[in-house]
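Each of the next two complexes has subunit A plus one more chain, namely subunit B in the first and subunit C in the second.
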Partner chain A sequence: MKRTHIKRTQMKRFNKKGQIEYLLQNAFRIGFTIIALLAFFIMINFYINNKIDTRYVQAEVLANRIIQSDALMLQDPGTFRIYTGIVDMEKFNDKTSLDTSIKYEFNRHATAKVKISKKDVYGNIQYFDDIYLNKNNWDNLKTLINSGATGKGSASMIIKDFPVTCAYDKELNVFDYCIMTVEVIVPNS
Partner chain B sequence: MINRKISRNKKGEDMLVDFWSILLFVLILILFLVLFIFTKDDAKSNELSQRFVSTDFNYMLNAYIKSPSLSDSSKTNGEVIIEDSLNNDFSKTKYSFEKFFLGVNTTDNNPIGKFNMVIAESKIMKTSFNVDPISEGYTLDKLYTGKAIMTTYAKTTIPNRYGNDIEVILTIEYVMMNEKPFK
Partner chain C sequence: MNKRGSEDKLFFLIWELMAFLMVLIIILITVRGVANNSTYWKTYYARDLGMMADIENINQGDFVMNYALKESMDNFWTDVYLLDKNQFEIILDPGAVKIYDYPKEDSKYPTTFPFAKHKNIDVINESTSSDFLVLSKIGSELKISDYVIETADVCPSFSTTKDTKLTKFFSIYIDNAVRVQSESLKALIGPSRYGMDPNAVNESTIIIGYAGKENFTIYYSDDSNTLQSQKLSCMIKMNYLDAYNYTAELKKYDGSMASNQAFSAYIANKGPQEYWVILMLSDNETKANQNEFAGLVEQAIIDYYR
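Moving on, here comes the complex of A and B:
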């Protein structure tokens, strides 16, 4: 009985009617498999980041490096302790402080500008000075941002204000409260 | 013609059952697909666009506490807070606070609207001050209509000479100009 059934099925597959019937029976299965596979790959693709946008993190890390490190902040010469939030104006006035303490080996990297200002009670802002990290890149990238250029050839910028103490000597005898504005530009890549 | 024949015999019935189950399966897959589309952006942005404003505000509070006081340069603002708390007179702290935060306008390209500092002892508020970097008569919601106003706070504790903890809470209001910091 079983043998005859197999034979019949096999025979059916070889004639025209059998072939169509066989195709109809399996068409849904084939279609379903294709849809399921496609859906699976699309779903997986949603959770794979082929392009990771690190510009914002890079800008934040650089800004934090400037405000936390001894590049501009006051450092006790005896204990080497860094007083974050207290700007050493001697370092600030030496225009190479940022470039000598934060070094990158390749040219196309983030750039920064740090400004010191003070707002009086009448609301007038008085700018003292500024210092750059990688000034050549700053000039190039800032021009691109000002021109409104977007895309891979251009750059993005963050601006942050921090209230700090400006120390004019290491012993903190002469100081003033001021605002440190950190502007970081990272190239769009 | 063939279809009709198939649906009438046993094999055809099986195939019809198969068809409905496949259809249901496809519908469930489409439902999942839609759900995935709605959640995919969150998964990406949560990982890479974590805002750093909280870190910045903690830095600001830390800088204030450690900076020398304007009223007595031999002491830090933290020490003056403790002293004022013991005397129950916060005039020196208020003076330094208002001078220190004056003119701080921006964080991550977002404008700051208000600084508020609360000093509390044993969870009981002792005093509170405000600094408003925006010109008088204007508020954040008037200047930036339709933009989300965010509130973030930074908190620290300073022990006094009697072992009681003085809590200093700095609350900052700012306007979120763009959901994504970089376009």
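Moving on, here comes the complex of A and C:
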């Protein structure tokens, strides 16, 4: 009797029907393990932050570098003191000032455009002139931003306005009040 | 169940156990790999230091920045997963900050972040693998270096802000010649003024010794609380310099007090979070007004926790 029962069980396991039944019994276990493992890896990757977004800090650093360094600002030739907020228009009109003063190892790191505008007596803002840092890169990245492209291949821009004094000589005898707009573009990374 | 049935069941259980162990091992390896990955921190430090270097290249005056690598602290997870402590080699190149895994030879490519060098600034091409470093622009030299507390002009600037109601301070003397100074200090930093909160914990002990005719020397600890000890020692040194125009020597504890009973007893019984400094007073300091001296040390403690 016992022998017959074992034989039946073995037959059930190793015939076609038995094999399918056996597989179905374990399929749930295997499937569940795979789903649990996948969920685990997805959660690990979701919760662990390994990306650092510094685009806007980089842009702020560059904007501040432009406004505070001697790249465009007036510098006393005797003491070398830099007057933050007083634009040396001689440097501004020399369109290479930014490129010669601020040079990054990688051209793609950042790019900037500095605009000078003036308010007329009626309070209307009149555009005066502009200067670029890394003009080629500016043209490329600005096109991407204008096209509305997002993601890694695109770029981000900040715009900052500063009220400044435009000095037309080193002694500050000839000057007027202007608005300096610093636009910085940093590629998304 | 007959013998054959038992064997089948056992085989199935062993197979299940092996599968479970494999899954567990895969999970542990993945978590350890993620936690051990130094890419995030290399990127973090490269960008942070690179942008700092960019700002220093504005070239308006001098700039000294003490920089602590915050990831270097051990915590619960580093202990549970037996994680290796990440150590980096940081190189300041003219134009970029480069971070390698330490030792440099083991890492193929650095994580790099560029900065724009000013035409009048010379970047001194140096490297450091310290957890606490200095990025400085003095004159026309921009450099990165180890923080050497013994010769530093400024004390470490990492934050030690804490409510002093929650911190208990002590002073012990290891030589009878300086008992008065220690008692004076104890009165100032004792429980009537600090650590009044019931949850207050032992924070720090100022150990006072006698150096005789030798110079006034401040020793900082050589244990896991070295950074805290260094900062307080440095602040006491600076306060003393401001008050008496005398520069005390600052040294790492060299084990010379090991035979002193009071000191050994303190070290054996202190809590692991408690840090200490040793002030070895010379004849000059023992002759000076002890209350003034205690006031200087208390001021250093106040500044430390501010």
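Some notes on this structure:
Please note the rule applied: the second predicted complex is superposed on the first by the 138 of 189 C-alpha atoms of A that agree within 3 Å, B and C clash if a C-alpha of one lies under 4 Å from a C-alpha of the other, contacts with A are read in each partner's own complex, and residues count from 1 in each chain.
Going forward, a contact is a pair of C-beta atoms (placed from the backbone, for glycine too) under 8 Å apart; a residue touches a chain by one contact, two chains touch by 3 or more.
Computed from a prediction, not measured in an experiment: that's the story for all the values here.
Of the two partner chains placed by the overlay, only subunit C lies in contact with A:S101; subunit B stays clear of it. In the superposed model, A:A39 lies in contact with subunit B only, and not with subunit C. Set against each other, subunit B and subunit C touch different numbers of residues in subunit A, with B touching more. Contacts of A:K17 after superposition: subunit B is touched, whereas subunit C is not reached. In the superposition on chain A, A:A149 makes contact with neither subunit B nor subunit C. With both structures placed on the common chain, the touch criterion links A:I179 to subunit B but leaves subunit C unconnected. Of the two partner chains placed by superposition, subunit B and subunit C are both touched by A:I52. By the document's definition of touching, both partners, subunit B and subunit C, reach A:N64.
Of the two partner chains, subunit C is the only one that A:H109 touches; subunit B does not reach it. For the contact definition in use here, the residues of subunit A common to its subunit B contact set and its subunit C contact set are 49, 52, 54, 57, 64, 68, 84. Residues 2-3, 6, 11, 15, 18-19, 22, 25-26, 29-30, 32-33, 36-37, 40, 43-44, 47-50, 52, 55-56, 59-60, 62-64, 66-68, 70, 73, 99-109, 112, 135, 181-183 of subunit B are the ones that touch subunit A when the two sit in their complex. In the complex of the two chains, the subunit C residues touching subunit A come out as 2, 4-5, 19, 23, 26-27, 30-31, 34, 37, 39-40, 43-44, 47, 51, 54-55, 57-60, 95-96, 114-119.
Listed in rising order, the residues of subunit A touching subunit B in the complex are 17, 20-21, 24-25, 28-29, 31-32, 35-36, 39, 42-43, 46-47, 49, 52-57, 59-60, 64, 67-68, 83-86, 117-119, 121, 123, 125, 150, 156-165, 172-173, 175, 177, 179, 181, 188. Taken in their complex, subunit A has these residues touching subunit C: 2, 6, 9, 33, 37, 40-41, 44, 48-50, 52, 54, 57-58, 61-62, 64-65, 68-70, 82, 84, 100-106, 109.
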